[in-house]
Amino acid sequence: MPFFELYNYWIFILLMMIGLYTIIASPNLVKKIIGLSVFQTAIFLFFISLSKVAEGTVPVTVPPAEVYSNPLPHALVLTAIVVSVSTMAVALAILMNIKQAYGTVEEDEVDQAEAH
Amino acid sequence: MAFVLVIPIIGALCIALLRRRPDYRDAASVITAVCLFGAVLSLIAQLGVKPFQAWVLFELLPGLRLAFSLEPLGMLFALLASGLWVVTSIYAIGYMRAHHEEHQTRFYVCFALTIAAAMGIAFADNLLTLFIFYEVMTLATYPLVTHHGTERAVMAGRLYLGYLFATSIGLLLFAIIWTWTLTSSLDFRSGGILAGKAENPTLLILLALYAFGIGKAALMPFHRWLPAAMVAPAPVSALLHAVAVVKAGVFCVMKVVLYVFGIDLLHDTGLSVWLMYVAAATIVIASLIALAQDDLKARLAYSTVSQLSYIILGAALANAAGVLGGSMHILMHAFGKITLFFCAGAIAVASHKTKVSEMAHIGRQMPITMSAFLIGSLSIIGLPPLGGSWSKWYLILGAVDAAQMPLVAVLLVSSLLSIAYLLPVVGRAFFASGPEQSHGHEIHEAPLPCVLPLCVTSAGCLFLFFFAGEVYEFLAPLVQR
Amino acid sequence: MRDQVILRVVSKITAPFILVFGFYVIAHGELGPGGGFQGGVVLASAFILYGLVFGLAELDAIVPRRVTDGLAGAGVLLYVVVGLVGIVSGYRFLDYTPLRVTGSESAESWGMTLVEYGVGITVASVMITVYREVSQAGAAEK
Amino acid sequence: MIRNHLPALIVIVPLLVALVMPVLGRGDKPWLLATLASWASFAMTIVLQVQVSGLLRNPAATPAIISYPIGNWQVPWGIEFRVDALNAFILLVVAMISAVVTFYARLSVAHAIPPERVRFFYSAWLLFISGLLGVTMSGDVFNVYVLIEISALASYTLVAMGRYQNRKALQGSINYLVLGTIGAGFFLIGVGYLYSVTGTLNMADLSTRLEPLHDNRAVITAFAFLLVGLSVKMALFPLHGWLPDAHGYAPPIVSALLSGVAIKVGAYIMFRLAFTVLGVEFTFAKLPTGPVIWLFATLAILVGSYTAIQQTSLKRLLAYSSVAQIGYIALGFSLANENGLTGALVHIFNHALMKSGLFLVAGIIAYRLGESEIGALAGLGRKMPFTMAALTAGGLGLIGVPLTSGFVSKWYLVSGAIDRGLFPLAFVVLVGSMLAVIYVWKVVEIVYFRPASDSAAKVTEAPWSLVFPAWILVGASLYFGIDASLSSGLAQEAARFLLSQS
């Protein structure tokens, strides 16, 4: 059944949607950032699942195995993880400043404070 | 050639530098005007002697040049604008001082820049140059319209910019770029550049875009800016909104008809018939509105709207008599209308009256001014022995040639209408018994710098009647096949 | 957590091992799974563990702010300098050829190792800084 | 030696200097070093442009392509910087604007940011610039993602630094971060799909391998993701929500670079992917990209300009105007003919000059008045004649008045639309100009025709070190409106190059 054979896409899209939903629905900025993290992680999973070759082994063996998974996406994901960690760090730093400036990290309360 | 453009700009600089010394500044303004008129006159000699080489200032993009050249219609417009500038700058000195206006330096600087733009338009060799100076003129006249800085002036300024920019960017520029994509050329050529390059619906749309896009020609329904601009001081209304700006508009229409479409193309395809009727409608409707105006300047403004459409009508007729009549009307109407505006300004200076209904009795107090007003009115109406009669004569001839009898009727009716809106002003001024002087201060003639120019221009109206033949000869190359 | 004896002892004992493991991961990067990113995080975790247990002040005492700030730049600087060595010695940017170890078959070039160390140092100091900033703000809250 | 390493050095120099920034103390040293680095980059991009462009060496020559494999790993396995007629031009814009804006920064930054933070500001600033320069040259789609994120991360912090003036900057920054990250995530998914069908990330390699795969659904999906992701990055309507707050509350020089350059780099990647990687055939003939972008570009122009009219803060007005200007660029992109593309590319150049110049003027106003409300500008026409003249000149450029560079771009865009027979689009461009008249004139009217308030009575002209750089940009925008042969020549060369790629 091709529907389930490509389950990795389903999972990645599901996770991505959970992340996006959190970003959109949660008024709490920290939770938004968590949602963002879930969203990015979904993309990493997508990349990792791409690289899996059926019956493949670890690419680092001496002497090389006949069938091995593609190592490049792993390297890409590693880089992307670093980017995502940096994004998280910057986001948290901004949130700390927001907390300092407004005394809250709830978006509606921040808007309220600005409206006055 | 370069002098013509540079002189007013240098003049503007001098005026700006002399801002601390009003006497020198005003003198500089007059001297610049005289020099410019001289420079333009000197160009007449070059006209027609040999095929004039376009003077290219620079190239914006390949094929898109800022270039200037000489041709009779442009020469006429340049002579008109620069000649009347001399008169107007003298008038402006009298008017501005008598009124104790503020920001006089800005006023004179912008005035000079407007004239520079008018020169650019007059000698433009292609549509791009024309468009650029057209926009420069809009920008340069904006501070003049909002001169008083009052709420009403600012609102009028917005209306002014809004109409002129909206039409020029939205329609005129569109038409120019379209022409460019069709013909890969924007140069003015005798006989037009569009012939054979485009088919009927395209040409029709293009003509409409040009006719309405040149908002300065005040073709209805894009005429509202002109009455609004009347908040400006009288010299501005006189020179700019009776001569330089609006004439630049109809001049552009004339240029487009002659050198972009070519009258043969219009004549053969009958493309411009609808334009004749739009112009005719504008003539009649604007005259009717003018009848209802109590403010003298507003009445004159609507009269201008109506008279401009005479010229557009002449262009739209697309035959020799029509085009020549229209071109002559640029000149004739300019002299008539500037006289009327000078008079309106002089009345405002002397008596602070702007409404027609207040002007009873004023003819006895200001006989010279009101006599000039009478002469100007008669010229606008088109009665001999005044200049206006010739241009109307040729326009009617053109309409007959084109076998458009309804238009002949329109021209005649509108003459009657202009009698109805102009002559009562004179009649009231001379014959109505006015209220006794309540304020205790007697009304006299305006100061000499105000009165002198209006005498000169009204004399001009008379003079043009007798020298119309020369003007005709001068313009004749326009329609030579 | 300063009064938790077990935590204090365990963290003190494990910290050196974590550090060694971190360096191992960095050094092994060019041949096996590992490298500067992972190793750097492991290195940082030793310090963060120390900071968690003994408090921010103690952490500041062993790695002052200035050190982490400087090292964060220095790590990338090392990376870029290795790259520039390539240019200066007539190869491309980041070309490892001039830094190749001669006489050993198995060893990769010095260039790659240096780059991994540069990345590791930067990642470690940035992670420590992030931890420090966040916990400092948390302390200020109270 | 340096001549052969220009692509790498252009990025490395600002990066290297960014790293030593935190070690420097207070005072003007960080600014001085940053200025030197950005001008060095600018100088190198000029040389690179001359190397690439046929136009500058010999009008008949075709533009060259310079490939710089990093670490000398063989392409397509290694990563390369690849410079051709298109990105050499964009590179020039990025480097030029950054150089002038950095030169301007000294007083403005000292005014907007506490002294102990200044060096970090410049560090992030140079990272931002080197990220943008890197994105422009990268010949590898994954690297594009990484470098976009490097510059974006730096720009999030830079925007957040606006908090010392107005705490709303924090909100703007976090919104920008969330949306920017989602956009980059979509881009990454698109890259993943392309990789899954081709197994390569190198752009040149991708384009050859994708040729037989144009009917593949994964490729179409990839294109959709890439398009949406990049639309967020370039703030194309309706994905522009982050832009007004981020550009409106950031420190003025940051806004200048964001509005003038950063969104253009997103647009550049769109050009790159659509034309050189996927090909005109796929993007415009097979998929209805054109009509979709026409719709959004039209809405961007109309809604952006209309919203700009309603703003009361100068910086937010300029920000909304940027939304509209991106609409013009997208419009030119979607026309996919020579005039349209030339118009879009030359507008990238011209708008960068005008908008950065205007934001610098807004910075001068903030420096002198401490705010950027339009009402506060009343009567400044006489108090700060040079600054306000720059404001007016830049504004006229936004309108597209002839003899300003805005006119040149609109000329090409309208011709492009007419060439395609799309008269409504040509009209939209012109309607956008009319709306621009309203929002520009709203400001000019207050500046020149409203009497000064009491607080503004003592204001004097700003120091020349602020006014001069603003005038460099505004003056250049006027110059390229009068003699457009250089800017439009390079843009045309790039447009022809793009169309020859498929």
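Of note:
Labels A, B, C and D are assigned to the chains in the order they are written; within every chain, residues are numbered from 1.
Definition applied: contacts are C-beta pairs under 8 Å (C-beta built on N, C-alpha and C of every residue); 3 or more make two chains touch, one makes a residue touch a chain.
As the structure is a computational prediction, the values presented were derived from the model and not from experiment.
The innermost chain, defined by the distance from its C-alpha mean to the mean of all protein C-alpha atoms, is D. One inter-chain figure worth recording: chain A and chain D are separated by 28 Å, centre to centre, where each centre is the mean of the chain's CA atoms.
Separating the centre of chain B from that of chain D, both taken as means of CA atoms, is a distance of 44 Å.
One simple way to say how far apart two chains are is to compare their mean CA positions; for chain C and chain D this gives 36 Å.
Separation between the centroids of chain A and chain B, computed from CA atoms only, is 69 Å.
Shared contact sites, meaning residues of chain A that touch two or more other chains, fall at 93.
Chains touching one another, given as pairs, are A-C, A-D, B-D, C-D. On the chain D side of its complex with chain B, the touching residues are 399-403, 408, 410-411, 414-415, 418-419, 426-427, 430-431, 433-434, 437-438, 441, 445, 448-449, 481-485, 488.
Chain contact summary for the complex, chain D toward chain A: residues 142, 145-146, 149-150, 153, 156-157, 160, 163, 167-168, 170-171, 173-174, 177-178, 181-182, 185, 188-189, 192, 195-196. Partner chain D is touched in their complex by these residues of chain C: 69-70, 72-74, 76-77, 80, 83-84, 86-87, 90-97. By the touch criterion stated above, chain D contacts chain C in their complex at residues 1, 5, 8-9, 12, 15-16, 19-23, 68-72. Interface residues of chain B facing chain D in the complex, by the touch rule stated above, are 58-62, 64, 128, 131-132, 135, 139, 143, 146, 149, 154, 157-158, 161-162, 165-166, 169-170, 173-174, 177-178, 180-181.
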